[in-house]
Amino acid sequence: MLRATFGLAMAGCLLAGLQGVEVLLGAVVPAQAVSIPGAVAATPLLSLGLQEDPLSAFFVLVLAVSGAAISLASIGYVDRYVHSREAALAALFNLFLLSLLLVCVAGTVFLFLVAWEGMTLVSYFLVVHEDHSAEARSAGLTYLVISHGAAAAVLVALLGLSVATGTGQLSAIASGAGGLSPWVRDGVFVAALVGFGTKAGMVPLHVWLPEAHPAAPSNVSALMSGVMIKMGIYGLLRVVWVLLGGGPSWWGYTILLFGAASALVGVLYAIAQHDLKRLLAYHSVENIGIILMGIGASIVLFDLGYPALAALAMAAALLHTWNHALFKSLLFLGAGAAAGATGTRDLEKLGGLVRRMPGIALTFLLGAMAISALPPFNGFVSEWLLFHSLFSAFSTGSPATELVFAGMAAVLALTSGLAAYCFVKAFGIAFLARPRSEAAATAQAPPGTLTAGTGVLAGLCLLLGIAPALAINLASRPLTQMVGTSLGPGTSLSLISSLPAPSTTSAGFAPGIIALLLGLAIAGIWVASRFGVAPKVRVERSWDCGIDAPTARMEYTAGGYSQAVTRIFQEFFRPKEDVERTVAAGTRWDLLTRVRRFSEESVDPLLPSLYRPIRDGFLWSAREVSRLQSGRIHAYLAYMFATLVVLLLVLRFVGSPSP
Amino acid sequence: MTDLGTLALDLAAAVALVAAWLCLVHTRIAALVSTYAVQSAAIAVAAGLVAYLYQAPDIYVLAGMVVALNVVVLPWYLTTVLRSLGVTRMVNMYASVRTSALAGLGLLLLAAAVVGPVAPYAAVASAGLLPISTAILLIGFFLLISRRKAIVQVIGLLVMNNGIFLAGIALTYGTGFVVELGLAANLLVLAIVARIFLNRMKDTFDTVDADALRSLEG
Amino acid sequence: MRSVRWRARPLSLLAPVSTVVLAVPLAAALLVAISRTRPQANAVVCGAGFASVAAVFLTIREVLNEGTASVPTSLLYVDALSGLLLLLVSLIGLASVLYSVDYMGRSGSPHEAAFPRLRAYYAFVMLFLFTMYLAAEANNLGILWIALEGTTLVSALLVGFYRTRRALEASWKYLILCSVGLSFALFGTLVLYLASVRTAGPIASGLDWTTLVAVGPHLDPGLVSLAVAFLLIGYGTKAGLAPLHTWLPDAHSEAPTPVSALLSGALLNCAMYALLRVDAITLRIPGFTLSHWLFLGFGLVSVFVAAFFILVQQDLKRLMAYHSVEHMGIISVGVGFGGVLGLFGALYHTLNHAATKAALFLAGGNLALSAGTKDLEEVSGALAALPATGAVLLVGGLALAGVPPFSIFSSEFVILSAGFGGGNFVGALLLLVGLAIVFGGLLLHLSRLLLGPQRPRPFAPGMRSAFGAAFGIGLLVAVAVGLGLFLPDPLSQLLWAAARVVTA
Amino acid sequence: MTSSLEAIALLAVEYLLVLGLAPILLGIIRRVKARSQRREGPSLLQPYRDLAKLWRKESVYSDTSSWVTRAAPWVSFAALLAAIPLVPWFVLPTPFSGAGDLIVLVGLLALSRFVIALAALDAGSTFGGMGSSREMWMGSLSEPIFLLVIFAFGAPAGSTQAGTIAAHGVAAGWGYVSAPLLLAVVAYVGLLLVETGRLPVDNPSTHLELTMVHEAMVLEYSGRDLALIEWGQGVKLAVLTGLLIALAVPWGISSSLGIAVIALALALLVAKLAGASALIGGLESRIAKWRLFRVADLTTFAAVLALGAIAFHYLIAAGA
């Protein structure tokens, strides 16, 4: 039954994906209203219409591919690792997919908002599904409340556009938004950035993300991190590009700066995490930042009058969106396998899993390389495009732009370098060396469909890394829809192809050739190693300075590994160190003290320093306000009296305000 | 319409206002009840005057009703309630007599300030009636706020209603018989329902101090 | 539903069907009073509940066909706005009566009342319904006032039904505060009459809605604004607008559960209905915007005050009561935004809130019954323990928080559209902020109540074989959920017509 | 444009040249350092002998290690091999210049580093973890500098393609020399020291537990794997030095395919490489190793230089 459910989900995803591809290759799907009598007739505001334009189709495709793979993996995952209310999980999972799909293809403001909130709500239930602890509920609640506030901002943006243009149809808004006053456009932009930025996990609105994503079952985490946060990107693109048709440079710089902050903050916090899923969640913040940088750059370049360069930046953003959907889904599924088999997400208790689950280890490694932007994987291609669009600002002749963009490129490079650092740690500590706990030592191999799901995703990461033209061709219609131009001819569907070089720069990158070179080099080494007498191979214990038997406790820990970075970014992390020392008897020298226990944790400073005070402030004022209901009827009568008197005085001395 | 008639009307209204002020300074409940009766009588007189001055016979019926209900029935009823409750005779107030008296004056000024500008629109020639009836309404309200005993709160409510009666009768020639009958019936039912609760309160809390009812908060 | 297809005419040979709406509860009150046995009394009230709904449907059908329903006397008047209120009251009335039977009416029901008291309870409930129907059908604003004061008197007795200290306290406060409020409303009504008399002369129908609307454009703005101030304080108290709402949480939380549902779902809307009638009159005066600002102001204050109380609330029924304050505030904001869209949204919201809130109160009653307490601190993990009740609370709670695809979201969406469309950006943004706080507060409670770990003390079994109660709650939930994405044509027509009654 | 056959032939020459010269560059550095310390030092050919010896020796693997350990040296070396055509060595336009630009080069170096750092954790020894952490940390700090340097070098030419930049330099002649170029070169040298693990960042000749970085990573390697890694170090040094040469002093790179010009270009290239190695050796022998965390200071300074170069570019453009 459960298998059938997830199988159905997979089939649905594949169908949606085919439809998406069809649209991306040129089919036109007419906008249509879902015919529910009454709802439409009551007021056009409440009409439910669907549309699938190229932008929708691209995100449908992103959703469909990851969704199908995750559904496949879910069959085994839920069967093996979920022990309560599997049916509810399966139902919610499918509902979640539906709501994601609806967000993409909603054709009216009302339906979009319904789907948007539905997506949040369903995912909330998925977040609190597995774990009934107070922390999980608090994570869920944080998620829900922040998301709801964000939805309010989304509502302001869309409703503002809707009433300003007098229509609830998204397609009609686009044609009517040209003549809006700058104030309205700016207001809509700010609201959209706050609303969609929150869902996407943009710093400093990201605090819900690292709480909520790890709490959910891992297949759901994969869907949330891989796909759901992309809906924030979709919404932002929809509003800023499709509905408003781009905007002034400061929009772009704003997005660029927030994107850079997200990328850097995300990766730095990821490094400090020892919980595998939290670590991945922070990487989502990082990658959203990268995507946002692409969007911001495209707005700036478009405003400067370089649509071709804007298309390059936007292509980077779209491609990275898809790439992240692929490798983050993969990584969460892999983390789910590790956590499911060992019962812990704590890196310090994992280790050695490469021998217990080689398939998962291999695919996780490929995903880690992809997210670390290493060639020949897809993450590198999109970051390359982004670097290029940042570099291309040289041809705009605007010194300020270029200095900012160069700084952004440095941030991006630092980010991808740190991401690589973080994933060496994540993969190395979790999957390599000796198991650090009994559970890790005895972990069972994950179910086949789970490995198959990650395998499919890993294959796609590699495929899009070698032949990104596939994806770029699919993105060309959305690109044309947004910036009016695509990446030009020269993109063919051959496996080995060169990325188009924008006319203004003569740079080029042929991922296929690089992959070929890598392959040939490895083949060459293999051939070389066949020559001569093959030397002997011996297996021994690791070098341990002569101590008799190296144990898992002597291995480098996750905390130790990340020390190098946490040390130099100390001001940023403000780590809380907890050191327990014992002083050897009869000495008073520090040198002779022994550190018994050392623990360190870095909490996201935004939570205690920004959000908690807001929450506490609300609670405090609520307690103060609630003292008004003192139980004394005389007080109540006095309120009434005061209200009356104030009202009468206002009436008398202020009069009725004019509209 | 004669000046004398207007004067008489104003006088009756003034008596009602003074009675309301008196309600603010009385410290014994029984005195409060009889002052209420006096006020009601003054309002009945005002009603009769309006009926006479404007040849509106149905207002005589109304005047009669006020006499029957507010001058006779309700004061008697209140007295029996007082007796059956067996509460102390003192009013128990939050605000002192002096404060209350000053508040009474202030409320008149407030009423004058607020409704003064529209008072000339009153259908009846006397421009003072609307402020006075508003003042009586507010004074009744003040009684409710500043007196602790539940029964005094009921009296405050009745004083408020007297203000409304005055406004209704004197300003608008009445509002139609069915409506007025309904209003009167409601007042009576209110008194009865209030008595039910007062009795229960006495049984349950052993006091009719409304301030004792403070367990529901937040 | 086939009954709606009947022509209304044959029945009106005897009496207009609008009169039947009034007669049914009155007759039922009498019949209950003389009933001899429990089953008899139960049968009478259930029959009256269904009969009322049928009569209301016929009335609404007539309204939709003719514009107004025929009435026996000019003191009554039934248009689309009345029809909407009738619909509301009859639906909530039916659900609440059915619930009452299972909750306290049948022998062996968990809160079984002694027969004489049950009889009194039923009679008062029927009278309560009668006064609300009367409020809906009144033409004369004086009658409207009388009907509303009548609701106070009858329902004060119902609130105090349990005779506990807390119930007594609540009912006393309710009685005094609402009576005081309504006194102001009466004064306001008189001032309005004064304005009418000055325009139309001393005619007996001067307080009739039909007259006032007709002479509306010529009414004196000064007098009307004075009247509006008093009427708003008066009916606003009854409608639970902050800071006049103080009686509301007490009364709602201490009344028997079915009465809470009636108070929140039906009664508050009766007061709001009276305010709408007043608003409609002021809207006829050219350039008169005072009432809009007042509605907007009171509405926003209500939303924010309620939001704060919701955040720190510890009692299930009080929590819901404060949500009533909040939603009356939202309705008021919708009215304040104005325009036919704002009114449509407000009325749509009225319907949605009534159904949702009544369902929640009834389901909350179930929960309190099983948990043995209304204290939110002591109940958790209810969804697993009581799947059906928990599901209703969950769906209802989410709906109440304004989550799509439930109906309250849709109406809030319309109200916000009206706000943005009407240029009330600040008002609309403030409303959104308030709603977000409420959302957080409500979900804070819901997540522990429903999803938290199961408390050590087990839940008692609730009502047994409570088909009536289940039907009633199911009906309300169906309305609360269904109206979100699906608004049947007749209902949509009714809502638009009602909105135009106010604005046109 | 060259035909593909010619391109392949040129590519083969490049590979032979770089793979062949890589060990000797290490030999030159060691010799210069030894001389500056008044030692004779090993033969220039000693690295070749080391490699040959390692190639024949048996391999010892840790019992906790997995296929990651076995695969890493291959992938790492392959990544470096793939980077070779991205650098203009002696002829322009570079064969297979469409394969990638300098950003791809950065990516390939990162790949090479990544797999080795991963393998360092595989054996489960403490040293491996320490080396891995430090190496990846330094790598992540050097990447932004690399990007800025690329931007600084690329800005005048409007390209991130090393060949295009070099061609721009060759065509501009002395006009290529400018203040921004100088700043970028200094920044690049700092980067080079970090990337190749030279002093003051890392000391390739130490095996002291607490200070070694790269050596700690590869502590568990032996035999052919170690040979690949050591050789890879040489190739990396050659690639980065070659790049420095192509970007800073591009003159002499042939723009046509005549035998004589090519031969001259090849000779010049060898001379430049040898000179650059000697300079590195000289530089290394003049500075002491820094504390590990001061690497961040070095990279920050390099970043300032590179950004300064970009800003200078505009100052000059505005002045012109």
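The letters A, B, C and D name the chains in turn, as written, and every chain counts its residues from 1.
Throughout what follows, a residue touches a chain if its C-beta (ideal position, glycine included) is under 8 Å from a C-beta of that chain, and two chains touch if they have at least 3 such contacts.
Everything numeric here is computed off the predicted structure, so don't read it as measured data.
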By C-beta contact count, A-D versus A-B, the higher one is A-D
Please report how many Å separate the Cα centroid of chain A from that of chain B, as a whole number.
69
I'd like the Å distance between the centres of chain A and chain D, where a centre is the mean of that chain's Cα atoms.
34
In whole angstrom, what separates the CA-based centres of chain B and chain C?
31
Please tell me the distance, in whole Å, between the geometric centres of chain C and chain D computed from their C-alpha atoms.
78
Touching at least two other chains at once: which residues of chain A meet that condition?
626, 629, 633, 637, 640, 644, 648, 651
Got the chain C residues that touch at least 2 other chains?
172-173, 176, 180, 184, 226, 249, 309, 312-313
Each pair of chains that touches is included here, namely A-B, A-C, A-D, B-C
Can you tell me which positions in chain B touch chain A when the two form their complex?
94, 110, 113-114, 117, 141-142, 144-146, 148, 153, 210-211, 213-218
Which of the residues in chain C end up touching chain B in this complex?
75, 140, 142-143, 145-146, 149-150, 153, 156-157, 160, 163, 165-166, 168-173, 175-176, 179-180, 183-184, 186-187, 189-191, 193-195, 197-198, 202, 204-207, 220, 222-223, 226, 249-250, 253-254, 309, 312-315, 318
If you look only at chain D, which of its residues touch chain A in the complex?
55-68, 74-75, 77-79, 81-82, 85, 96-101, 103-104, 106-108, 110-111, 113-114, 117-118, 120-130, 132-134, 136-137, 139-148, 150-151, 154-155, 158-161, 164, 219-220, 223-224, 228, 292-293, 296, 303, 307, 310-311, 314, 318
Looking at the complex, which residues from chain A come into contact with chain C?
36-39, 41-43, 45-46, 48, 110, 113-114, 117-118, 121, 128, 132-134, 137, 140-141, 144-145, 148-149, 152, 155-156, 159-160, 162-163, 618-619, 621-623, 625-626, 628-629, 633, 635-637, 639-640, 642-644, 647-648, 651, 656-659
List the residues on chain B that touch chain C in their complex, please.
114-115, 117-118, 121-123, 133-134, 137, 140-141, 144, 150, 153, 157, 160-161, 163-164, 167-168, 171-173, 175-176, 178-180, 182-183, 185-186, 189-190, 193-194, 196-197, 200-201, 204-205, 210, 213-216, 218
